[in-house]
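What follows is a set of structures to go through.
Both of the next two complexes hold chain A, though its partner changes from chain B to chain C.
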Partner chain A sequence: MDTELETVLPVYIVGDSHSLPYRNMVFRERWTGAWVMARTKYIPGATAREFYNPATGEFHPDFIAFLEYEGLVRNGRATHLSMDEVDFSIAKAVGQAVRPPLIMITVGEIDVRGPILQLLKDSHDFVPPFATTLPLLDKPLVPWDIIDEAIEARLGPFIAGLDQLVQAGFKRVYVQSVVPPTRQEARIRELQKYDCPVSVRTKLVQAFNWKLAQKVRSVNLFMIDRWSDLTEGDLLRPEFDFDGVHLPPKGARLLLETLIDHAIDSRGLVANHPRYELYYRMACGLDPFQPAKSNAA
Partner chain B sequence: MAVTSMISTAKQRLKGGINQALSALGYRLVRADTADRLTGHFNPASWSGNGTAQPRRLTLLPAANAAPAMCTAHAPKFDPQKTPSQLADKIVAFQQNGVTVISTNPEKAAHFRETESFDRDVSNRHSAWDWAGNSVAPYTQDLQTGMPSAALVDYLHALFSGGDFDSFFRGVLGCPAKVANVRLVRSKPHLTEGVGPQEWHSDGCPAGVIRGVLYLCDVDEQTGPFQYRDANHREHTVLGKTGDLLVFDATRLMHRGSPPSHKTRSAIDLVFMPRMPEEDMKIMVVGMNHWPADPFFVKLPKERAADACDPISEGRGVASLY
Partner chain C sequence: MSCPYTTLPASSFWRQAVAERSTSELDPHLTARLRFGPDQRIASAGSCFAQHISRALKARGYNYYVTETAPGYLSPEQEERFGYGIFSARYGNIYSTLQLLQLLQRAFGGFQPADQFWTDPDGRVFDLLRPRITPKGFVSMIEAEADLKQHLRAVRKLIETADVFIFTLGLTESWVSKLDGTVYPTCPGCGSAGDYDDARYAFHNLSVTETTGYLAEAINLMSAANPRLQIILTVSPVPLAATMESRHVMQATTYSKSVLRVAAEEMVRRYDNVHYFASYEIITNARNAGAYFADDARSVTPEGVARAMNLFFAHFTAESAGATARSTGDGAGQRSAAPPAEPQIVCDEDEFYRALAASRKS
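Moving on to the complex of A and B:
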């Protein structure tokens, strides 16, 4: 019996606990009917600040461990771009097209809730440099420059890490926007040990995402955002207020569908040029694995 | 030597003493990596098997995934004296200029112009994760496309399997070729700026991939002729007769199908890619896709119904998800 084999389209989702709602998620996407499967890695306490160390060029060990475990990295190299005979043999044994993987990183929420929110607490508000429907409270204002600097300090290393990922050949990396915070004041008090009005903490997440989107774009990547679907009047819709921190799986799926929608129209990036080079050499009767030749940029 | 030996003996005695004391309490002193292995917690990345620990590499090395500057780099310089061919002058022209024009049967081309259906827009109904290709939604109304009939595919198969074209592809590529895609394209006259393939662009084709355009009508200045810029940035316009086949390196040359000002241009768009010597000629038909992501594992994408690709008709309602 000749049965056509069907495989899934894996999307690798790695980061803080916001990667958890994607765990074991499987669905058929609307464009080709392919099964999408989320392969997740929860890195406890993962932050944007500690994702990458620009001074040493090192990524968070658990991030690299995840990429290695999934077969996306070997010996510090992206396996999908490898011209090593070993990786060629591995790909042959797997028997599937080798293409740049779809990866989504979830970090930022701890950065916001940690050092940045402390600038505001229940005592201050701020005016962001973009339009928002959230009110300005009758509280002393923290200048935007201070907020901006605090966000910058958290995002700087992360963006440097994203750039490094792109240089390593991972050009289909997405970043999940920080999800709108809960409306439950008691939950915030429980988490933060202090109060902070919902309009202020939501505005801060908006500001973080505003900067995150720009910075992610600056390294030719894309931030996944469904703010308008997840909120009502810029505040989290009750149906997406799951446990006071995370989106429910149905909210996570919205974000994953956005990634798929973007990726299906960005397939200029799927061509595997090193493997075309190998193929072309073989077709021409040349030795495809020339030791001196490297695909390093 | 004596001091070293004394220290070693002292360490052994100390270990022995500690082990005895721990043993009396029901414990045992074991090296950390041994304990990890015994309890199944050992980290394979930090254990090379010969007892030396290897720290995990946390940096990533740069790697390029870019189109080559020219797509026919492995073709040896063609010498028409050594390798006689009916299309020798075309091979030489291609190697020199990155483009050449080959005449094919004009009656056949005119016949297909009348019989083929240009009944589609440029939406991509064959979207597939393993193929590079156009966006799902159409990006212009100035172009009509169509799927080739079985008769046209048979004709092209016979044409490109012939000895002349076999030697031509071996000359320009250095290896035999197969067809990665055939699609019909009709450019309607318009006076607005061209978009998509009517804008100046380079295709970014992978190594060994070259393009072809088979004119199904005479193409003059008003019919939107093919244009390219040479290495000195000089602009060239390629007029043609029905049945003319342009073959070009779409990455080496900036090019465009110029917007037709007054007459409709009908043509067949072709993508050629390398073929292994033992492989038979193959013609793939994949709509608005360009080339497979990975040439070693090629699976033809299936077509979806036109309305299945319309996100608006399907809706994006949250309520329907769970």
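Moving on to the complex of A and C:
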């Protein structure tokens, strides 16, 4: 019996536990009806700060291991750009896309909930540099510049890492925005061992995402955000409050659909000139892995 | 009847109290009427020199009372940069008695300056009454106003709940708004925030009557808010960085310090809850021959600071002057080239001076 083979568009989602709601997610994207499949890697405790070490030039080892496992990197190089015969053969054999892979990184929530939130706790509020519908509580303020420095300290290494990925040819890397925090104060007390009002926590996530979006854009990448769909009055809609930390799969699906929409709208990013060169040489009956003869020779 | 001078103690006679004593023995105090312990809440405000008192209180384990506290997890460098813990609230330097009075009037709701905020070309907003409290200014007017509201609340709480308030009088020369008489810590547009504008700002050197009157009003206001409050006044021994008067800066300094010293004296005579600490006399007395000043004849040396602080604790606490002097190794020794190794003092006036010097070089 003949079975119709369909190709699947893989999206590689790697990072902290916010990568988990995507696990085993398969759906048809709404424009072409093609299958989309999430391939995930959960790195326990992954943070923006530890994603990449600018001093040593090293990424988080689990991140590199994931890229290698998925065949996106081999011998320290992006396989989709490789002119190596073995990489080319592997790609051909598995029918793997020769375009830059779609990767989404989920980090930041631990950075926000950990060291940055501790500046505020239940004792302080702050005024962000953008308009928000969230109230300013009658509490002492942490100056925005201090919040900004704290976010910067977490995001600096991460953005340096993203820049390295882009330089290495991974031009279709997305970053998931930090999801709106739970409204459940008791859950936060349980997790954090201290209180912090939902308006302050949510405003802090807004501020983190505000900076994250700017910085991700500065390296020509894109942050995936569906804040207005996930919230009501800037607070997390109850139907998206899964366990007090993560989105339910239906919330994650919204974000993944946004990524797919953006990827479809940004086909210019998929240009893969080294591979086009290889295919061109093959089409001309040449050995693609032998250098062309020079006219002068 | 015998001559009344014969009944006086040695401290009343220059020869016994000063000329026959070594510098390290000089102590211009009699027994203080006020003593505080580690449990009492000690607050402070004033000029740059006042920071030595707050630091010494903290270093010796006294309860230095801060009502505008830093958020948790800030580094000491961040705390200092954003003005936390330098004084009991984030008011920055308070140089004149009118500045103190207006701060209290603002805190207790009686005064709202017409010209307090200034926006720089990048849109950052500065509070001209505490221009260095956020190094880059506030991110918006909303933040500036919200922060001010919390600051004034912290000042109110400070005055209402402190046990002792130490105020170091620094200057009489002031810059005021022509709109409503708001007094600024430094001239707007000189080294810190603001744009200098002849039409908006005027120089004013407070007279002894004004200085005394404003200080009395400030004390009345504080005592009404907190009848238990004890107040210690000191006069900064640090000379003026610059004068706007058309006379030599030395004359201007003598005038300013004399007025401040008289005002302090007047308050001690007038109010039972006001006390005087003679930091000015300790540092500047002729017996020292300037030994407690660095080569610039303006900065007080670490030895001078240590001596003043030891005497402060000896008279106002249960500590002994001799013991503290020995433990911290003070004494007017050789003149220091500069005040080194001391933590940096946050001083609006010095910032102005540095900016002025830089503008003259360029």
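To be clear about the criterion, the second predicted complex is superposed on the first by the 276 of 297 C-alpha atoms of A that agree within 3 Å, B and C clash if a C-alpha of one lies under 4 Å from a C-alpha of the other, contacts with A are read in each partner's own complex, and residues count from 1 in each chain.
We take it that a contact is a pair of C-beta atoms (placed from the backbone, for glycine too) under 8 Å apart; a residue touches a chain by one contact, two chains touch by 3 or more.
Remember, predicted model here, so these are calculated numbers, not experimental data.
After superposition onto chain A, the partners chain B and chain C occupy separate space and fit alongside each other.
The angle formed at chain A by the C-alpha centres of chain B and chain C is 130 degrees to the nearest 10. In the superposed pair of complexes, A:Pro115 makes contact with chain C only, with no contact to chain B.
In the superposed pair of complexes, A:Glu149 makes contact with chain C only, with no contact to chain B.
Of the two partner chains placed by the overlay, only chain B lies in contact with A:Asp229; chain C stays clear of it. When the two structures are aligned on the shared chain, A:Pro129 is found in touch with chain C, with no touch to chain B.
Of the two partner chains placed by superposition, only chain B is touched by A:Arg30; chain C is not. Between chain B and chain C, it is B that contacts the larger number of residues in chain A.
Of the two partner chains, chain B is the only one touched by A:Ala283; chain C is not.
Legend: residue contacts after superposition of the two complexes on their common chain; A:Leu141 is shown touching chain C, with no touch to chain B.
Measuring only between alpha carbons, the smallest separation of chain B from chain C in this overlay is 32 Å.
On chain A, the surface touched by chain B in one complex and the surface touched by chain C in the other have no residue in common. Every residue of chain C that touches chain A in the complex is listed here, in rising order: 68-69, 71-74, 78, 82, 134-136, 138-140, 142-143, 146-147, 150, 154. In the complex of the two chains, the chain A residues touching chain B come out as 9, 30-34, 56-61, 64-65, 68, 73, 75-78, 81-82, 91-92, 95-100, 164-165, 167-169, 171, 229, 239, 249-250, 253-254, 257, 261, 264-265, 267-268, 270-286, 295-297. For chain A in complex with chain C, the touching residues are 115, 118-121, 123-124, 127-129, 136, 139-146, 149.
On the side of chain B, the complex with chain A involves touching residues 45, 56-68, 74-75, 127-133, 135-137, 173-176, 204, 206-209, 274-277, 291-299, 301-302, 304, 308-309, 311, 314, 316, 318, 321-322.
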